[in-house]
Every structure is written in structure tokens, then in C-alpha cells.
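Common to both upcoming complexes is chain A, partnered first by chain B, then by chain C.
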Partner chain A sequence: MGYDLNFAVVWRNFDKMWGGLLLSLELAVISIAIGVLIGLVLALAHVSGGRWLRGVIAAYVETIRNVPLILLVYLVFYGLPQAVDIRYDAATSFVVTLSVYSGAYLVEVFRAGLEAIPKGQIDAGKALGLTPWQRFTSVRLPAMIRIILPALSNTFISLFKDTSVASVIAVPELTWGAQWINLNTFRIVEAYLIATAMYLVTGYLLLFLLRLLERRFRVGRHA
Partner chain B sequence: MLEQIVYAIPFLFGGLWVTLVVSALTVGISLVAGVLLGCALIYGALPLRLLVRLFSDTIRGIPILVLLFFVYYGFPAIGIDFDAFWAAVTALTLFKTAQVIEYLRGAVQSIPRGQTEAGMAIGLTFAERLRYVIFPQALRRFLPPWINGVTDAVKGSALVSLLGVTDLMHSINQVIGRTYEALPLYILGAFIYFVINYSLSALSRRLERRFSFMQA
Partner chain C sequence: MTDPLLSIRGLRKSFGEIEVLKDVDLDVGRGEVVTVIGPSGSGKTTLLRCVNFLESYDAGSIRIDGEEVGFSAPGQRRNERTLARMRAETGMVFQSFNLFPHLTAAENIMLGLRKVRRKSRDEARAIAETWLDRVGLAHKADSLPAELSGGQQQRVGIARAVAMEPKVLLLDEITSALDPELVGEVLEVVRALAAEGMTMLMVTHEIAFARDASSRIVFMADGRIAAEGEPRELLANADDYPRLAAFLARFRASYF
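Then we have the complex of A and B:
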């Protein structure tokens, strides 16, 4: 029954875990960057667009939100190349998936942010004679960023955790690193204990840093 | 494409059933455990509160996938042995329990303190206060996010395929293993998950509207 913990094997292969953690972060950062772009553009289109456009955006959001991420990962990696003539490696395919996935969640975040801006601010912009583009870049965008920053950090942290799903298509991120150690050394408990600790520490560190950032951006009392 | 989908459907019923059973067990057990632990977090003694807080923050801080592997591969090594199915249910339930704890905490703490004080003033015991004063009001705040979270349980259950549990996701991969037609099958799978989850979120929106008079 007894199980003797032996972390030596894990430390010997720690480069797999450390490299994996860095790749996890990289995947999360690239995906949220693209996701923010998708979310912002679609949120603006949703706010200013017609019925038809809104329907299409709603269909995208609802589809992505109601399907398991792992299925989307398989679909993009194994399914899509059968239909269209594209070739990508596993990591690229995962970034595509996670970007489209996060985009669907971020549309809602941005939309809520845009709608939460007091109308008086936009009117004030008009009164000052700002062009629509100036109103967007210097009134709506900064106001919205302040409102959505907490939701954005939460999305980022949950995306960081979601990168673990990339292991199913053998992207060498953190969970894959733990699996590799498990398969090659059979130090199962140790590998997953270390992986768990790394996810926890990184996650809470990110949370701490993002909360600091949010406080810096908080201008005025109401925001 | 339609032909392959029609061919595959009979093979998926078993898996769909397992997906629904895993989700239902997860949701059911976590509801009971989460409400109990949630009460412990709000009303318990300090050591108990810290313990529940630690549990909830740890579980919510790691990916479900890692939790799943941890329970499946790690628990047998320390003497707790179960098959893939129960390992999967245990891991998903642990995760969901942590969420339910937070929903409950949010719901109960949204109720003004005056309500508890009023309950005390008319001589209700602790159990009576919970039963007649706090829970009926907290339910309205608790239900919408909880039902929304049920879709997370259904989506999360797709990960159990990685432990070799033949759920919907796994049976889709099995059919693809035979036919090598990935795209139609994954689209079919996405559609089935969509139908289940969309119905659940439609239900949650209806409930949210029903209980929206509480928002003020």
C-alpha cells in the first residue's frame, strides 16, 4: 500500500515541466491577444450593426460557448485539414482554436463594457466636436477598458488553465510535460503534484499582478 | 457527409447516455456537497472556514484536466482505487463542488444582514432562520448561475474520454477510428453538445427572468 514519494526523477526532467509552463503561458497570451481583437471587432459590429449581423455574431457566440473545448480542439486539428487545404502544426492549430474560443467569450465582455459607458460621455465627446473615430479612441475605448479589465483578467487566467487541453494533440505544454514524466518514469503522483503546484502558483501570481494593473488603471471613484 | 453522419448515429447513443449520466452524477453530488461546504464556509468555525476556502481556491486554481489525471492516476497510488468511470465522476464532482460553494456563498451573502437579525429578533433558531428566511431568498440568486454552470458540467464531461470512459466524445473518436472521416463526425458531435447545452442555457435564461424581480 505504501507509496514512497520520489521527486528526484521529476527534478531531473524538470526542463519538460518548465518549458511546458512557458509554452502554456505563450499559448494563453497569443490566444487572448487574438481573442481580444475578435471580441472587440465583433462587439463593435454588434453594437452598431444591423439585425442580420447581430444574428451571425450571436450564432458564433452560442455555438462556441455550448461546445466542449476539447471537441473544438479535435475539430480544428483533425477535422478542418480534411475539408480545406491547410497545414498547421499542433501548437498553431491550438492557438487558432483557443483564439476563436476566447473571442466568443470576449465579445460578450466587450459588449457589456460598451453598453456600460454612460451616454453623457459620448455626448460630451460630440459636444467637443470630436470625430466619430476620435470619440472611439479617446472616449469609448478608455472608458470601456477600465470597465472590462477585471473580466479580461479572469478570462486570461481561465484561458491559461484551458491550455492544458492542448496536451490531447501533443502540444508540449505543462500538462503534456507531466504526462511525459508519468509515461517515462511512472512517478505519477509526483509529476501531477508538481504540475498542480505550478498551475496554482502561476495562476495566483497572474491574478495578483493583474489586480495590481487594474488598480493602476482605476481612475476616478466610480470605475 | 450526410451519409457518414447517418452511419455514425447508432454508435453514439451509448456514449451520449454515459455523458448524460456522468453530468447528472456530477451535478447532483456536487449540489449536495457544495451546499453543505458552502454553509460551512459561511457559518462554520474559523478552522473549518479556512479549510473550505483552501479546498475551493485550490480546486478552482487548477485545470480540470490535471485534476482528472491526478485523481485517476494519483489516487490509486495512495490506496484509493477506482475505475475510470468513478475517477472521472470524482474529479468532475470535486471541481463542480468548488463552484457550487462559491455560488452559494455569493447568494447567501447578497441577503441583507437585517434579515438574519429580524429572524433572531422573532426567536427563530439557526436552522429555522436558514429554512424560512435565508434559503428561500438565496435560492433566487443561486439558481440562475447554478443552472448556467450545468452546461459547464456537460462540457467538462467530454474530458473523461481521455481516461478511456466511453462517453459521447469517446464514441465519436471511436467511429472516426474506423471511418477516418473526422470532420463530419466532429460537426455532428458539436451539434449534439450544442443541443443539450443550448436547451440548458435557454432554461436558465427563463429562470433568470422569472426571478429577476429580486434584482432590485
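Then we have the complex of A and C:
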């Protein structure tokens, strides 16, 4: 191979990548937070609502899950402002897209978790005289979190990686930073190698944080 | 008997096409311990679950201290908040324990005390420790359910229910899921509660225990109360009731 690795160029522009990583995290955190809210509300609506509501939620989930994220990103950024009278910058548009996208995946995770809670635990909560809201916060939510945390970790990491799609509408996140360096310095291998390493390390850190959460909720200490 | 604490009249309940409770009348007086026995599928669990409205019922009435449990008027189901308040008047111990797996033994007991009885954290903790001590588990206060034996879990289950100071305690086959050597420790706790005057309605297959610990035995068959009476008397005259005699034949060895 006639390619000499030269990382110096990349280090000189490292602020592009570091800033990119921070923006990636920001996009992920905001979108996931909104997605969790959407997911929770819809999962609750699904398990306690009627047939009609269930149909609507299922349609949302299926639609989103069968369309590539990149297409949704284009649709929301280029298409939506043409159809209705709204304006937003690329980052906001991406957050909207990823929130709706993550919501659809999280509904499924939360719903499966809620349905897997042993009925006896809910009966025990009722028998104590807990109100429906108290049963939700003190019994169902913690029980659900214990059940879904492992699956949730996967979903969160996956959604964090999905922020790279924002590069297609020039949101200056990590992948866009690597592309910028590539275009301006032609150090394609170095730029993408470092971006890869940064995704990897961040992914592991997220996983570590989620493991702490699993310990907090005493996951796995029930067998 | 003065006004019964728990009064069930004309109770009917169906699951789909199948009528599971067919016109059940039952009174439980203050401090009384009533045991329900009967073959599998006769409606014992359903009866208990109607008393704290874990199951709704189709007709009849269930009153605790004169107050109708599930309905504000015939056909008028109480709202969820009122139901919650009514349910706090009864305690329930389950066959499968149903402890909250993410909470320690003490926290399991504290949850209702804090959320329903509005006790402070310290107060709730003190009450939980008192009850854990009463059931012989003071040293397990900070253990998770998964770290306890079945018998220990069930004793926490009992402590969780009685710590709320319910008017009536409902116990549904609370030793059925236990290894035989753990049954005694749990029944001992129930016996002590009975001696202290706790009003109880329990379902059990431990006929000898029912005979010794209860003031009355009720025999259910096919959704009806087929016989009832003072334990020793009823068991002695079981031959007057063919279905009871047939049912008891399976237990003969264990209670004579």
C-alpha cells in the first residue's frame, strides 16, 4: 500500500471532531429524552387504551421502523418546510426527526417491558391501596425498567450512532467533522479511523453508565 | 353477633359464560377468623379478590364496616382513587408472595406506609422494623426478595399487609407455594395474628391449621357455600354433607 498514515493533519483540525462529538452527544441526549417521553406515553396508551388507539400507535411504529432514517431526515429537513409554513435549522430538524424515530423504537421496548411485569406485582400494589399513578411510579415503572434495561442500553447506543446521519444535512456532528477533514486535507483514512475510535470509546462509556443504572435498579439480582 | 365487619350478600360473579360465584352470603365478625376450604375451581380465590375489588362482581354487595366496597350505587363503579382508599382497608397476602423485587424487605413494607398512610420515611422504617422483628426477620430488613427463602418472603408479605393496619386480612393459600418444611414458620405468624384479634378471611388447604386457628370454616363447592360451621363440629359432622365428606377424604390422614 502506498498510503502513509499522517495523523498530524487530523490533530491540527481536531477541534472539528471534538466539537462534532459533543454535538453528536447533544443531539442524541435531546432526541432520546424526547423519544423516551413519546415512547412511555404511547406504551402506556397501548397497554391501557382501546383497539382504535392501539391501531394508531401500531401504524406509527410500523411506518417509522420501515423507512430508512436517512429518508426521514431528508423528508423533515427539505420536505416539511415546503408543505407547511415552518422554518428550522438543520440541527433542530434532525432532533425532531430522531426524536420521532427513537420514539417508535422505544414504544416497542417499553410496551414489551410493561407487558412482561408479573400481574401479581400490580395486584400487590392495588391491594396496598396505591392509586393508579402511584402504582405506575412505584411499581410498574421500576419493574419495567428492570426488565428492559439491557434492551434499552442497546437502543440508546444504536440511537447515538444514528446521529451520524445528521451529516447528510450538514449538521456539524462527529461524522461531518471527519468528512470536513477528509475534504479539506484528503487524510481520509486518518479522519475516519479517529472518528471510529471516538464512536467506539463513547459507546463504551455510555454502556458503562447504563451498567451503573442497572446496578441501581438491581437488575439481575432476582434469580 | 354485633354488626359484622365484613358482610357479603348475594354475591354473583361470572367470567364470560361461566358463573364462578353463585349467590354467596358470608359474614365475618370483628376479630373472627374464617377459613374457606373447597375443591379447586370452586371460587375461593375469586371470592377473596372480590372483597378488595381486585375483581369486580356482577351482583350482590360487599360491605366493610358498613361501606360498600366497589360501587357507590348499584352498577356505579367507584372511581379509582376511592377504590384505592377502600382497598387500603383490607390487607392481602398472596400465594405467590408478590413482593416488589426491586425493593428490600423493609422497603416493601414501607411503600404502602409512605404512599398510602402518608408516614414519614423514619416513621415508616420504624414500623417496618417492628413488623420484621415480629415475623422473625429483623436481620433481613435490607435483603432483596431474591435473597430470601420462600418462607421468609411470605413472612415479609404478611408484614407488608398487616403493617398497614387493615380492618380485614385476606390470605389466599399462603403456604401452597412453600416447601413443606417452611410451612410451619408462616402458619405460626398467622396463628399469632389470630390470637391478637386480627380479623381474617383465609383460604387454605391446611385443614388441621384451619381447625385449630379459625373460629369458623366455610366449605365452598361450585361457586356456593355448601356448608359452614364451628371447625371441630363441622369436621366431625362432615358426613352430613356428601361433597364436604368427599373433599375431606383426601386430607383425612393430615388432620385426624
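One rule holds in what follows: the second predicted complex is superposed on the first by the 218 of 223 C-alpha atoms of A that agree within 3 Å, B and C clash if a C-alpha of one lies under 4 Å from a C-alpha of the other, contacts with A are read in each partner's own complex, and residues count from 1 in each chain.
Keep this in mind: a contact is a pair of C-beta atoms (placed from the backbone, for glycine too) under 8 Å apart; a residue touches a chain by one contact, two chains touch by 3 or more.
Note that the coordinates shown come from a computational prediction; the quantities given were computed from them, not determined experimentally.
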**Asked** Is A:D123 in contact with chain B, with chain C, with both, or with neither (first, second, both, neither)?
**Response** second
**First (chain B), second (chain C), both or neither touched by A:L21** = neither
**Request:** Tell me which partner A:Y78 touches in the superposition: chain B (first), chain C (second), both or neither.
**Result:** first
**Asked** Taking the superposition as given, does A:V165 touch the first partner, chain B, the second, chain C, both, or neither?
**Response** first
**Message:** Going by the contact rule stated at the top, is it chain B or chain C that touches a larger number of residues on chain A?
**Reply:** B
**Message:** So chain A touches chain B in one structure and chain C in the other; where do those two contact lists coincide?
**Reply:** none
**Fill in**
Seen from chain B, its contact residues with chain A in the complex are 58, 61-66, 69-70, 73-74, 77-79, 151, 154-159, 161-162, 169, 172-173, 176, 181-183, 185-187, 189-190, 193-194, 196-198, 201
**Asked** Once bound in the complex, which stretches of chain A touch chain C?
**Response** 118, 120-121, 123-132, 134, 138-139, 142-143, 146, 217-218, 221-223
**Item:** chain B-facing residues of chain A, complex
**Value:** 1, 3, 62-63, 65-72, 74-75, 78-80, 82-83, 161-165, 167-168, 175, 178-179, 182, 188-189, 192-193, 195-196, 199-200, 203-204
**Complete:** Within their complex, chain C touches chain A through residues 52, 54, 80-81, 84-92, 94, 96, 98-102, 111-112, 115-116, 144-147, 160-161, 164
